[in-house]
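Both complexes below contain subunit A, partnered by subunit B and then by subunit C.
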Partner chain A sequence: MKIGIPRGLAIYEYPILFEKFFLNLGIDIVYSNITTKNILKNGINLDIDENCLASKIFLGHVNDLVKRKENEKIDYIFIPRLCTFENNDTICVKFFALYDICNNIFDSNFITINIDYEHNQSELKGFLKLGKKLGFKYTDIISSYIKARKSQDDYDRKKLNEQSFKLYQSNNKLNILVVAHPYIVYDSLVGKPICNKLEKLGVNIFFANINNLNMKNNKILKKKKYNIKNQNYLKISSSLYWKSSKALLNGIIENLDKIDGIIYLSVFPCGTDCLVYELSSRKIKDIPSINIIIDEQDSDIGLDTRIESFVDILNMKNTREILKKSKVI
Partner chain B sequence: MAKCYIGVDIGSISTKGVIIDEDKNIIASEYLWTEGDPINAVKKVIKSLKDTLDSKMIVPEICGIGTTGSARYLIGSILGATIIKNEITAHAIGTLSKYPDTRTILEIGGQDSKLIIIKNGIVVDYAMNTLCAAGTGAFLSSQAKRLGVDIEDLGKVANLSKNPTKIAARCTVFAESDLVHKAQIGHSKEDIIAGICRAVVQNYLNNLAKGKKLEDKIIFQGGVSKNIGVVKAFKDELNKEIYVDENSHLMGALGIAIISKNINKNGNVIDFNFDIQDIKFKTIGRQCNGCSNNCEIVSIYKEEKLIDTMGARCEKGYGIKQIS
Partner chain C sequence: MAKKKYIISFPHLGNYYVPIYNLLNNTVDKNLCEIMIPKKMTLRTLEVGSKASPEHICSPFKYNMGNFIESLENGANVLIQAGGGCKYGYYAEVQKQILEDMGYNFTYIQLFSSQKLDINYIYNSFKMFNPKLTIIKLAYNFLLAFKILFILDKFEEYIRENMVYQINNIDFLKLHKDFLNELMEVKDINKLNILKKVYFKKMYNVKLVSQDIRDKYIKIGIVGELFSSMEPFSSMFIEKKLAEMNVKTKRYTTVTYLLFKKGFSQKKLLEESKNYINYQFGADGTESIAHSLELINMGYDGIIHIKPFGCTPEINAMPILQKISNDYNIPIMYITFDSQMSEEGFKTRLEAFYDMIKMNKEKKHLA
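For the complex of A and B:
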């Protein structure tokens, strides 16, 4: 059996979990190609105008897999339906709808997993249903899920440790925190070029989406509760709605004393980011920040100017502070 | 022989060039329209700079070339620039070299407007307009054309008005319809033009200055600072003294020249040919078909020889360089 996974939105929330689950069951997986202008172009044609860039890219990826389905003998295209999580957390409604949208647009074989704690569909239950539909035994499904969950948690933990280690290593480079949803910041058309640009300018990049809030304990079946200590986002707002906004703000607060600048990166139009980034940049006053919104335009010069000048100014500020400390000024 | 540094600022509307000496004094300058052809504009600028030097009997020893502005990469590779930097940094450094006590720089150019906040001689904050061109020079020049007034006279006409018309300037397109309406109900031309100048200022302040404190000393620069109507509107709106340098349009070019001086600490002389006017440059834009990104690639040829390729996201696009 072979399952195709579109490289967009939900898959970036759990980069390991789904992949490992299928592999553990002995299912082959193929990903759609990395995002290119062509994929985006197809996505724009398929999606309605008002949807965000990330969702257009996602449909482009699904389109890519649908086209390859015949040649590569893909049995199912996997589109997760993520709705609500533990502790009454919820996610952007796009994630609710993706599976149904794709079913409406394409004539293809889609398969989903429904994670909706509010309606008593836990992650485990979702995986059981998914596995059953694919025709596996409960015991195999459960063991595959548990192993996959553990891999995902280990992966998250490893990423977090790497990042904290990098933060505590002192070098003279600027530390810049990129605040963006994982499906934006790791995308090869939207986030990657910006990160590459920053690296070329000689700064250390950190990601707000890697933080303590999403870390889970390894006891899977136990009811998970947040560690109260890790709810740092409360310092900015206690009434945040989306899970990912909470996580990003947490990422900012955790690293606040180590970073020199913040880049808020979002895609047009994202209602949540608009609100949350504005809120955060108003509450965090002493760290310079810049808000970058990406749309379908593909001229880079405006983006270059903004990023370059931001880094330049941080550098100027830094030199000034070093001189001040050594009492030259 | 005198050590000189060249700074070129190629904007969307105008191209600026300066030559400074060792003490950061401007010894030659030129300002002309880009007219959509940055390469030719730069050729003219360089020629005119050279003529000025010749007339002053200065034999230059070029130690640095800097380019800034929206065509900085293209012109940078044509001139063989020693430094290519964004215009915000260049403007800040240029202005600070003349006015060390600057706190606020207002800059309105052809398509960009910027606000730079400075504290203790260091840039601490800045804002740039979003993609929309409302409240920039492009808005002014399109409205001037519409009203049949020369863009250079716009300020003079505006200052004749005693009663500026209120014009909604959130969007260039809607401002235009507002303007037509105001003209048709009988507002005079001067009042409307003064209203446009005011609208530019209000738009600028609403877009860029929200939540920021504009403190003295305030410097206003960029091409639009030559428009006395806008300067007056800024004064009225902010209720503060606005300084406009006689060389306010050259600050970006001056800044990048100073940066090129700063990075060349040893004062090494570089190889630069002023006869760029006679050299044939050609640019070819094409689409790379290496992958489905279809990057738009621009190759620059100097006398039929490829000197640079820009715009590719990966090596595949640059691969063309070796083949052709």
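For the complex of A and C:
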């Protein structure tokens, strides 16, 4: 059996979990190609024009897999449906409907996992249903899920350790925190070029989506409510209920004393981001920040100029402070 | 020293300022507080609201913001906001921060926080405005306000459905205006019942055209996002404009529906639209699909799907609506209202849609 996974949105939230689950069950997986201009173009043609860039890219990826389906003998295309999580967390409503939208736009075989704690569909239950639909035994499904969950947690922990190690290594470079959802910042058309540009300018990049809040306790049978440690995001916002936005704000607060600048990165038109970033940039005033919104018609040159000038300003600020300290000014 | 008076204000949503005003009017201590109904929505409301809001947030945020700013300019110092699904639950915190940064001084009350009702919190907030308030009195006032809400919704629904049929053009308009004014000042449920009887009788007595003429009218259903459905200013008075073109309209979304019926009807709606979707869409997405199918079954000639800019649940529903439109061969027009829409362009679109349906109908009739 072969399952195709489109490289967009939900997959970036759990980069290991789904992949390992299928592999543990002995299913081959194939990813869609990395995002290119062509994939985006196809996505734009398929999607409603008011939709956000990330969703257009996603549809482009699904389209890529649907086209390859015949040649590569892909049995199913996997589109997770994420809805609500533990502790009344939720996610952008886009994720609620992706599976149904693809079912209506494409004529193909789709398979989904429904994670909806509010309606009593926990992660484990979702995986059980998914595995059953693919025709596996419960014992196999559960052991595959547990192993996959562990790999995901290990992966998250490893990433966090790497990042904190990098933060404590003292060098003279600027530390810049990129605040963006994983499906934006790791995307090869949207986030990657910006990160590459920053690295070329000689800055250390850190990602807000890697932080302690994402580190879950490894209990498999999670209750609907439990106490979470490291809820640092409360310092910025008390009524926030989007899971991934919580993580981003947590990342900001955790790294606040070590960073020189913040880049808020979002795609047009992201409703959740524009509320959360607005609040965050109003509450955190002593660190320079820039808000970059990317749409499908962005020219690279204008973006480059903005990033370069932001880094220049940070550099100038730092030099001034050093000079002040040594009483030159 | 005389204590400063609380001046309470809230954002507009259609005519629902009536039950809110009634609730506050009966609950608060008049010596301590004053109630300020926000200024009627104008283009300026939207302008000042947009200026203060994040650029691409959905437009209800901007309208709310505009209402708040205009009230604050007129001296309000207590603002009340509710909360709900999708992004609405998070409006309150951001709006509070922005208004504070703009230099206004006010108390901000969010009645429902993160989709849950905290009765104790509501009671304590109202106690601030009336120290002698008992919980029974508050419950009674809430009951009264909800009853007004039901009656108002029922009244307005009848008017909406029959506005186009009336023989004398201003009957409903006058009745509606009088009824709203009376409802604002009602103090107990008995009086409300009497009032209801009087006005409903008047309403049913308004002269309408006969049934066989009615059948000739074009029927268009309106589905879509809740704010643009219920606040006529934000949808450029779409229902009124259609009525002027002699089109009968129907819409489902009312506050009664959202508060009391929505929770129970989710399963039914999903069942109705199971040929197209398997899961709920969040906010009003599922409704848009299920109600469109319902309207098609009822023999409506066309559907208009309305939403403010940036409404994700409704954008989600659009691909499915497009498919429904193809499958059932029914015209569906999608309209997005944002802060920079021109009224003339909108009117042209409506007229073109109307002409197209009319021509379709005549063609069918001939064939």
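Observations, loosely collected:
By definition in this document, the second predicted complex is superposed on the first by the 320 of 329 C-alpha atoms of A that agree within 3 Å, B and C clash if a C-alpha of one lies under 4 Å from a C-alpha of the other, contacts with A are read in each partner's own complex, and residues count from 1 in each chain.
Please note the rule applied: a residue touches a chain if its C-beta (ideal position, glycine included) is under 8 Å from a C-beta of that chain, and two chains touch if they have at least 3 such contacts.
Predicted model, so just to flag it, every value in this text is computed and none were measured.
After alignment on the shared subunit A, the placement of subunit B and subunit C results in a side-by-side fit free of clashes.
Once chain A of one complex is fitted onto chain A of the other, the partner contacts of A:308 are limited to subunit B, with no touch recorded for subunit C. Of the two partner chains placed around the shared chain by superposition, subunit C is the only one that A:238 touches, whereas subunit B remains out of contact. By the document's definition of touching, of the two partners only subunit C reaches A:278; subunit B does not. Once the two complexes are laid over each other on the shared chain, residue contacts for A:88 go to subunit C alone; subunit B is not touched. Contact with subunit C, but none with subunit B, is seen for A:100 once the two complexes are overlaid on the shared chain. By the touch criterion defined above, A:23 reaches neither subunit B nor subunit C. Applying the stated contact rule after C-alpha superposition, one finds that A:48 touches subunit C and leaves subunit B untouched. Ranking subunit B and subunit C by residues of subunit A touched puts C first. The superposed three-chain arrangement places the nearest Cα atoms of subunit B and subunit C 8 Å from each other. Touching of subunit A by both subunit B and subunit C, each in its own complex, is seen for residues 282. Touching subunit A in their complex are the following residues of subunit B: 70, 85-89, 120, 122-126, 128, 131, 211, 291-296, 311, 313.
Partner subunit A is touched in their complex by these residues of subunit C: 54-58, 61, 86-87, 89-94, 97-98, 101, 110, 113-115, 276-283, 285, 309-310, 312-313, 315-320, 323, 336. Residues 47-48, 50-52, 81, 83, 88, 92-94, 96-97, 99-101, 103-105, 114, 237-242, 268-272, 274-279, 282-283, 293 of subunit A touch subunit C in their complex. Residues 33, 36-39, 189, 193, 282, 288, 297-298, 300-302, 304-306, 308-309, 312-313, 316-317, 320 of subunit A are the ones touching subunit B in the complex.
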